[in-house]
Amino acid sequence: MANVNLAVIYYSSTGTNYELAKWAEEAGKEAGADVKLLKVPELAPQEAIDSNPAWKEHAEATKDVPEATSDDIEWADAIIFSTPTRFGNVPSQMKQFLDMQGGLWANGKTINKVVSAMSSAQNPHGGQEKTIQAIYTSMMHWGAIIAAPGYSDPVIFGAGGNPYGTSVTASENGMVEDVEGAVKHQAKRTIEVATKIKNG
Amino acid sequence: MANVNLAVIYYSSTGTNYELAKWAEEAGKEAGADVKLLKVPELAPQEAIDSNPAWKEHAEATKDVPEATSDDIEWADAIIFSTPTRFGNVPSQMKQFLDMQGGLWANGKTINKVVSAMSSAQNPHGGQEKTIQAIYTSMMHWGAIIAAPGYSDPVIFGAGGNPYGTSVTASENGMVEDVEGAVKHQAKRTIEVATKIKNG
Amino acid sequence: MANVNLAVIYYSSTGTNYELAKWAEEAGKEAGADVKLLKVPELAPQEAIDSNPAWKEHAEATKDVPEATSDDIEWADAIIFSTPTRFGNVPSQMKQFLDMQGGLWANGKTINKVVSAMSSAQNPHGGQEKTIQAIYTSMMHWGAIIAAPGYSDPVIFGAGGNPYGTSVTASENGMVEDVEGAVKHQAKRTIEVATKIKNG
Amino acid sequence: MANVNLAVIYYSSTGTNYELAKWAEEAGKEAGADVKLLKVPELAPQEAIDSNPAWKEHAEATKDVPEATSDDIEWADAIIFSTPTRFGNVPSQMKQFLDMQGGLWANGKTINKVVSAMSSAQNPHGGQEKTIQAIYTSMMHWGAIIAAPGYSDPVIFGAGGNPYGTSVTASENGMVEDVEGAVKHQAKRTIEVATKIKNG
């Protein structure tokens, strides 16, 4: 039975979604998948990044994380997206990456990827639901298969009970809720579904 | 300057949204509006209600609250909806009430109502955003003017930061967050916008 | 390899979604699935139905179609929903049916169903996208796996290019677009995904 | 009574949304508003633009249209957005522009703008509803007042009946539906609501 290729694709300015993505990577490897941890390209000018010490520090700390490409999407059997909210929707950086897959899409190479998504926001109800669903809307255009976690494990209730995907409130002092278990459950479930789709 | 007619229309099985609705009613009166507090008709059979003591108790306690009608919609300059989540969407009871306004709609009598909405869920991310937005989607069909609170007052941040409308997590022991101030701000803002639309 | 159990669950007042559902049933059988064609219970009073000749005629013509139950959901490996739009959302009849599956949901029996949805509206942009997505939001709460068609076959472009699910404009004279091929493709794809999930 | 300041803000690669925006500008002026027609900054590299003759031609034809800035948002009483769909959501160019208004937002300067939106897609159901609603979700974060057209004029039915905002199918040969009247109605309605909000 072939291993699932999992791409964990994130955008992060100050580190929250990088942390979520690393948990998904860890759980994906434990579940036997071949995993790539990938960031989407930054769009902000260097001066904007430099003006925010936390952003600058995170950008430097993750400068060696490879950037996601169309080849990664083509390679992947499963994709987990992790992205902050900007005004109830994905940031332009994540949207730009999705938009640039038009060539793959036109050639039918986005079909049947198994997908789930995670998000963060500064406020508990500041787009944590909507941003994950914005990813899923685009994924329906791709012909992807969406494996939202629902309430498939009790750990989800303790992490805020987001059935669309794991989400977390990101304060200046870090994550408010403990969502590590929910992220890892989500990653394992995504791989389980992708294993069936790949080998079924 | 004519008073604003405000209809606060809610569905509640065990009392959370009734409480939210009463706060909106109170703030509406303080703001000088003529206010009606109205429940949507129940669809569940009596035996289902009777089998849940909290539901039964709430149904009896609110049996004298008038049921909302098309006449109330026609009368209203502003409407505040308050509704729990059922699987990330409004309950059938609320949807049935909306569906039955097809006659008003066809006669153009739903246009330019000023609307906002509130919600509750058992989980912090269990549809609190989506359910409010489901109401707004229907309101766009009505040609209503949507006055979501956004972050128009600091009280919103303390209440969970839901820019679409006030929402609350409803546990077995009652509301988890203190949202009274956010509800009252939302009601006042809805009336302010409606005052301008009515008299502008 | 076990056959997929497919439940095609629809609401229809004057016949459009019944027709869509029958095409899905036909394609499902051709694809080797065990198929049940099921309607959701009506909520409207008989006098409302009787006042609309087309509604009355359809209700009588389909009085022998079985009503969907929780047992059917439990039985199903795959579900295709077909529902008209009411103000950019599912009608209360469909919502009531979904709401009543709370017992199944609480016992984890809605997880991993493979789902897709179809819709109709009187206007091309009168909720055909939103209504299908309202179903999917609820399905995420169920822990279902969503197999929207995307652009997985050229027939979709000819049918209006709805990647979320097949939809049709329903005029007084019947369906405006020819969507039979898109419905049948969607049904086959739903079964293909469900076959992998069931046997993978 | 003070004139309404209307900003018509669009993104267009090959001209469809530029045309929609110009119709809105024209109707806005006729309705007595002070109108600015503004494009959002391009993110695509010049080589991508140059590789598509229609894109290149449109970029050159509109090189003198001013780019929208935060000052324009602050100036505006009303905003009409016009944007194509990219995978069921706004393009990254439009999202980048919205994302960059975080400073204005943090200072409360996005509150009470009266907003509506328009869209286009290659397929009739390829995101025309969803993309407009993605704009509205962000606008709720801004505390804007949303004046979707609903079915406030018969011209809307002839233009595809999109209650969220005017939308059009953009083929290689231009717009499929005649939406000029619907755009102009939407612009006038947006200004009427904004006039009441500004002067009420």
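Letters are used for the chains, namely A, B, C and D, taken in the order the chains are written, and counting of residues starts over at 1 for each.
Everything that follows uses one rule, which is that a residue touches a chain if its C-beta (ideal position, glycine included) is under 8 Å from a C-beta of that chain, and two chains touch if they have at least 3 such contacts.
Chain labels with UniProt names: A, B, C, D = NAD(P)H dehydrogenase (Quinone).
Nothing here was measured: the structure is a model prediction, and the numbers come from that model.
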item	value
Which of B-D and C-D has more C-beta contact pairs	B-D
Relative orientation of copies chain A and chain B, as a Cα rotation angle in degrees, nearest 5	180
Whole-Å separation of chain centres (CA-atom averages), chain C against chain D	34
Separation of mean Cα positions, chain D and chain B [Å, integer]	30
Junction residues of chain B, two or more chains touched	88, 105, 126-127, 130, 133, 137, 140-142, 163-164
Residues of chain D defined as touching chain B within the complex	105, 108, 110-112, 133, 136-137, 140-152, 163-164, 193, 195-200
Complex contacts: residues of chain B adjacent to chain C	43, 86-93, 95-96, 98-99, 102, 105, 126-127, 130, 134, 137-138, 140-142
Contact footprint of chain D on chain C as seen in their complex	88, 121-130, 133, 157, 160-164, 167
